[in-house]
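One structure, as structure tokens, below. Some questions next.
Letters A, B, C and D name the chains as they come in the text, with residue numbers starting at 1 for each one.
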Amino acid sequence: MSQPSLSEALRGVVRRDLLLAMRHRSDVAMSVFFVVIVASLFPLGVGPEPAVLRTIASGVLWVTALLACLLSLGRLFTADYLDGVLEQTLLIPQPLAVLVVGKVFSHWVISGLPVVLLSPLLGLQFGLSGESLGVLTLSLLLGTPTLSMIGAIGAALTLGLRGSGLLVALLVLPLFIPVLIFGAGAVSSSLAGIGSEANLSLLGACFLLSLAFAPWATAVALRIALE
Amino acid sequence: MQWGSVAEFLAMGGYGLYVWPSFGVAALCMGGEVIAVWRRHAAASESHDES
Amino acid sequence: MFQTVALSGSRGERRLFSDVNVTVKPGTLLAVVGENGSGKTSFLRMLCGLLSPDGGEILWQGNNIRKLKELYSAQLTYVGHLNGIKDELTPVENLKVSACLAGDESSGGVVQKALEAVGLGRAVHRLPTRVLSQGQKRRVTLARLWLSTRPLWLLDEPFASLDAAATSYLTQQIQSHLSRGGMVVVATHQEIDLPPDCIQHLRLTQ
Amino acid sequence: MSTTGINWFKYSSPQAIYPLAGRMIPWFAAVAVGVIAIGLYIGFFVAPTDATQGDAYRIIFVHVPAAWMSMFLYVIMAIWAGIGLGLNARPSFMMAQAIAPTGAMFTFLALFTGSMWGKPTWGAWWVWDARLTSELILLFQYIGIILLRSSIDDLRRADRASAVLALVGVINVPIIYFSVKWWNTLHQGASVTITAAPTMAGSMVTAMLIMMVGFWMYSFAVTLARMRCVIVERERQPSWGKPASIPDVVEAR
């Protein structure tokens, strides 16, 4: 009889997903490219007025990050579900919720982290400067893992359903709203000179709360989906 | 009773355009829901008897 | 010892089987047979704990597996319909990851030996699994059994798309597992070439 | 039948609930009609015209009860969903399924009447106020739950997946409410607030509470009736709930 230690199992899950991402580098590149393109469309639509761009910057960039997360949610469990890896993951003798954290972490590394790293550049496009750029990056760093965790619930619930791509968006977007509000709020309050600490700490609270609940809900949803 | 006439009642102090649609749509929604449930039950029990 | 008590199960709203009582003693194999759609896969998934029964209990050493949870998962190796391997990874990588996740030894040497035992030569070890044939993929999956140190094996159609050579490798491996006191449950269409005194059959009918 | 449930679930099986609900519906319906009629009478003929808002405030008699019902029903639905998940009890999933459309209807009603009230008092059909926004998101959540259920064919999975979503949503509702509230205050200073309470006459409050009771009774009647639909629809499936036409399991050596 054998049993992997918790950290061993967690590392195994993360390593496999990152290895797969390395084999599919174009997927990662695509989500980065998506973010850049969508963010660049707004100045074209709204007009190049710097003052206007600065006011909408936080909202636009946050919504873009949110969409990028949403687009990549389909990849989170579907492939594993189709080739039977998910089934085997459920049979790993460690708490499924912890393994879900591993999967979500690698999803974030692939789809969220690139957006965070890119955000200063995108912020410059919108005329943000100095402190606001830092706040934007920090808020995305805190917020995108939360998005991935909440999104995982939706991805697990809609696993293997027809039209699941659209459905997951409908289910998950209302749950994203607090993160969007606090994230965009942090940037605009720093622009307004109020100080972004309040929003950032609320964003941190959202992160902790979803870390406490979302993996567990995702684990339950996965077991339901695989019955 | 503060209403002098039916017309006054319907005018709702000039807000009739807002008050009556509110109650009308409420009645419509609730009545519609009752009818929908009724029909659903009828349809369900009918096909149930067939089988 | 592994047993089911008055087990019943359904798929969707269709009742598949009910009141199944079987006991699998160490060193014995239970062959689950029946036509397509008779519920063999559901039965096996239920024994894994992936599917919850409608009624009845599944007992491992006298304890309900629902209560044991992860303790029970640590006792079994399941090979399902789906291979559970990643097309993009090589056979070696696939096997290493699954052995590591099972808590088995996952060093390169052991993994290569297991792959050779199922008849996969070194030539394919470093290719992405995607390019392998159906039977070769199945062999990669089954190679997990050469690494497994768990007492209970649950195998769903393990012989499907295997050639004669691979079938005999697998039969030998099952036999040596049984002789070590292991337990095996197999869903299959085929006769298994094992001494009859260690096999019992469970026939599911519609 | 589920044998994992506690014994009293045997008595709350769908077959037992069906006739019981059938007997209760007419009473609830009758009380609902009577109470709503009284509420409307007091609301339109006894309650005086509001000093500041004129007669537009009378929308409150449908708006506030609808808004309350939308939230109550969500919480009740989530509780049933939780019981269903916890005890693996089929009737409580059915109850949750029966509540969702009524909850969505009241949410829509609250939004519609709210916007009807907002136009004359605030001068806008829609304001991004904390209450309005969270009510809108509540509607999205109801729709999401209904959509998720309808896109899953397997009943057991549909029951349990939508239950998980309902429970996740119930955590989200207060978070949304406060987030939107803080978002408003952080940005725009004081936001629009409903300051009717202190100036309200006794008869106004009475009418509102009576309407509230009427809406409760209506909800009972309608959800029980829908519960009966659900029971019949599911019974149509072969082998439902009955002690199974047992396929033989032959054990051989």
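Everything that follows uses one rule, which is that a contact is a pair of C-beta atoms (placed from the backbone, for glycine too) under 8 Å apart; a residue touches a chain by one contact, two chains touch by 3 or more.
Keep in mind that this is a model prediction, so the values were computed, not measured.
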For subunit A and subunit B, the touch-path distance in steps comes out at 2
So the chain most remote from subunit A by C-alpha centre is B
Separation of the C-alpha centres, subunit A versus subunit D, in whole Å, is 31
Per the C-alpha means, the centres of subunit B and subunit D lie apart by a whole-Å value of 18
For the pair subunit A and subunit C, the C-alpha centroid-to-centroid distance in angstrom is 36
Subunit C to subunit D, mean C-alpha position gap in Å, rounds to 46
Residues of subunit A that touch at least two other chains are 227
Subunit D residues touching 2+ other chains are 154, 156
Shared-interface residues of subunit C (touching two or more other chains) are 52
Full set of chain pairs in contact is A-C, A-D, B-D, C-D
Interface with subunit C, subunit D side, in the complex: residues 1-3, 88, 153-156, 237-240, 244-253
The subunit C residues in contact with subunit D across the complex are 8, 10, 12-22, 52, 54-56, 200-206
Within their complex, subunit C touches subunit A through residues 48-52, 70-76, 78, 80-89, 93, 97-98, 100-104, 128, 148-151
Per the touch rule above, subunit A residues touching subunit D in the complex are 153, 157-158, 161-163, 167, 170-171, 173-175, 177-178, 181-182, 185, 188-189, 194, 198-199, 202, 206, 209, 213, 217, 220-221, 224-225, 227
Per the touch rule above, subunit A residues touching subunit C in the complex are 1-5, 8-9, 12-13, 15-16, 19-20, 23-24, 82-85, 87-95, 223, 226-227
